[in-house]
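You will see two complexes here that share chain A, one where it goes with chain B and one where it goes with chain C.
Presenting the complex of A and B:
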């Protein structure tokens, strides 16, 4: 039997591969976006610290920028360093 | 734009409130002071059994800042609480509710202070443990602190502290009756029997592929096949790398 494909539509889904479902800061889903953004995806990315904890970039930046003293991971309180 | 922080605080608070209604914290009841304001909560704390506070019913207001969870809420007791870490006016002084500024005077380490991953649940648990284990290093009520230390160091022989607490507890119990609240007295009643739901693993790779197929409704054959697989094999192929494809 021969099948002739007349047309096809490609569909893709994506998902951040994080070790948790929700951002510990804003408590929103990682697959969604932070409360200040409208659309999930590359405009509201996740970032990882060297401690392996992960947040919406906007959430962790807002927190780090509000801290005059030491920049720590809000989860484990180790010094916050961005994972390359 | 100025409203932005408030809206994210609203979302965080709404989520927390809902989760606390569904799965309460042991020893606490929460409700809103005013149904349409998520920024002020009324908390009722039950004194833990086998402590001086057993049978006590302490009401407090929690106030959340507009930029919660970036800034901590504050807690003020409405019920009279004689405690080294509670001010005369009822304000509770606990390091977890202090913004992490470097203040060598306070004797508090930044790592004990507020950070945005704290939530009402962790705060309430800290409060209940502080109740029975006051921090006498930076007391809000010096008299209570001195009295508490006398009571502790005399191993309960000096009863002044104990007597005040017991008096407040029995007064609070009348208040509970007025509110129609039954204060749990035994450990068994105190501990909430929660139905432990198995955690849902949404982030495993199998789900990823299942989602893929769910969306793929152009292709009927594929849909049926995958539907059956996700029914019985979802957890078995948790860690593989895409058997669905082969």
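Presenting the complex of A and C:
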């Protein structure tokens, strides 16, 4: 007997490679989306700071906009710089 | 002997003389028959004599008294004595006839006496009312009536029945005969009226007697008192038979007007002839007309009631055949307004639903179909919705207990082909749930307002009853949109992951319809799911077309359904160790994905998916589409043609029970054979099978099309388990508690924090009741407690 696979359709779930499950700002799952968004993934991506903390991009932008003077990471209070 | 003595002086007459003379005029006083040989003139003299002595009233009373005495002692006993012996129906008939004739003859025989008494009244110028009657004949009829009834023997209805049953049969038969001439009498040996042989048919004479007896009873004012009940019950019987005949089988015609016509023509024809005698044209007395009218009202009511009852008995079948049975439902609606049978209907239909629908032998889709039909039919029957709500209460309660109800509703909502519920969904109305919020409609249409029927449940607004549509009714079985939507989500997930079609147009269309019903936010998760499928298609195409990813150089093409786990229902956790070259291939795919999507990776669900195989055997070639587990099993038989379940289980990391089920598929395909318990051998050549052509393309239909998802029910169960430890703790400390108290305590202690689980009182009761059934709790007197260890 010879078994040949003609095609394979698999099922997978995607997830962000991050060191936490939930966003430190909105407390929602990274693999979900921020409270302002409807769709996860491309539409509500994560961003990393140089301090290595990450957030939903919309959450950190909102946070930074609300901080008038210095822009700090809400988790570690270091100056916030986007990781390249 | 009393000769014609010259009347010298009336005043000086000897009393005996006077008495004798009176006896000449009224021989009944001396118990003698009326003598006709005395001239009227002589009698007149005596009457004047009585008058002059101012004895008129006394004599009248005396004579009436005497007659009453005779009536009591002779006429009435004679009458009832005829009722004593009865050997058969025909004899009963004759006895009744004789009795009526004899009492009538007595009346006739007293007539001259009354005439004389009336004359005496005239001469004396007396007007009296005796026994409520101002004529002496009337007085006598009262005497006869009251005496007859005062001596009523026990068995009298029997004879009366005999008489009327026989005559009624003949009578109605003669009636039918007019319209039914095809029924040639030659075919019959016996007359269908009198049951005698045709040659000796007695119908004519029976009818003659029938009319004569009725006539006499009417004259005596006795017809109703003596025979009213019997006639009524005989007519009732006819009505019942007729209604039953008319309603047999079909529900697609209305019967009310034909039944009314039948009553007017046929039944009223009988009545008129009973009351008016043989000829129908005789202008009857006002009194008889009144009696007939009253009779008719009663019979009409009986007719409606009989018809209504019959339809109520059939109501379950009528509902099942709805909307073909619309005419029957409409009839019933009209009849319910004329009768007082609503409570009867409620009770009967509930009973029918329970015995015919609500038991384990009926499958859920059938219950739902019947429920939907009931909603439609009962809404026509009672637009207030009260009847529907009361009658179908047990159905809803029962459906709530069935595990697959929501699933059945959801799948019939979205299933292909004609489905009542799918049609209903397309009709698209916003969902009406029992939220009791007053709306503008309540005030705008105030002129069209109708009070709720008396059996309405006052806790529900009438609007919620009237406007809620069928899908809302079904969702309300659960009282929660969430559970319903969750089940839809699971169903959608199953469909997407069993068909592996990237074509989601149809699902999107249904989703749009459901959104109109349930609202955007409830179905947001499902939208993301469908978007996942759409995105997967694009990602696959993208990865495939980019040569940098090396996917085109692989042994076989692989694609993936890439899901957003947060939005899909939880998956059943299952393991499967795939063949290593497949695993490597999937890893290559993951790498490609990671490159494309930066900072994102994939977690494979190895047991999910679909694999197309080409299997070359010695004598044939098969093309099959199967699940990854099926594919892996058969893959392993390449390296070794015999495996035990245990060996496969170890190498594949799949439990034996699951493996056995999956292997069954390959057995059915003739590729594997069980040579001893749990040991399977590859069948390379199958001479018997090779002869019959095997379809080249096959899709493996999984045994019972298992769900990849944990069911909504299971999910909820898991959530409720959180409460169980709290409940055990509470009952350990407090010994026993009623439902409400447990609910309150849970609300206080268990429903706080981020993982708070809401639980309604009703849901808690179901949960606790199940624990009782599992013997983990005891319930008595309204209190739950733990069983003694």
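Before moving on, here are some points about what is shown:
Definition applied: the second predicted complex is superposed on the first by the 76 of 84 C-alpha atoms of A that agree within 3 Å, B and C clash if a C-alpha of one lies under 4 Å from a C-alpha of the other, contacts with A are read in each partner's own complex, and residues count from 1 in each chain.
Basically, a contact is a pair of C-beta atoms (placed from the backbone, for glycine too) under 8 Å apart; a residue touches a chain by one contact, two chains touch by 3 or more.
Nothing here was measured: the structure is a model prediction, and the numbers come from that model.
In the superposed model, A:69 makes contact with chain B only, not with chain C.
Looking at the shared chain after the overlay, A:13 reaches both chain B and chain C. In the overlay built on the shared chain, the residue A:35 is in contact with chain B alone; chain C does not reach it.
In the superposition on chain A, contact of A:26 is made with chain B only, not with chain C. Across the superposed pair, chain B and chain C both touch chain A at residues 8-9, 11-13, 15, 17-18.
Residue ranges of chain B in contact with chain A, taken from their complex: 4, 7-8, 11-12, 15-16, 69-70, 100-102, 110-111, 115-117, 119, 202-203, 208, 211-212, 215-216, 218.
On the side of chain C, the complex with chain A involves touching residues 497, 500, 524, 527-528, 531, 535, 555-568, 582, 585-586, 589-590, 593, 597, 599-606, 608-617, 623, 628, 631, 634-635, 637-638, 641, 671, 682, 684. Interface residues of chain A, counted against chain C in their complex, comprise 1-18, 29, 31-32, 38-41, 46, 48.
Considering their complex, residues 8-9, 11-13, 15, 17-21, 24-28, 34-36, 59, 62-63, 66-70, 72, 74-75, 77 of chain A touch chain B.
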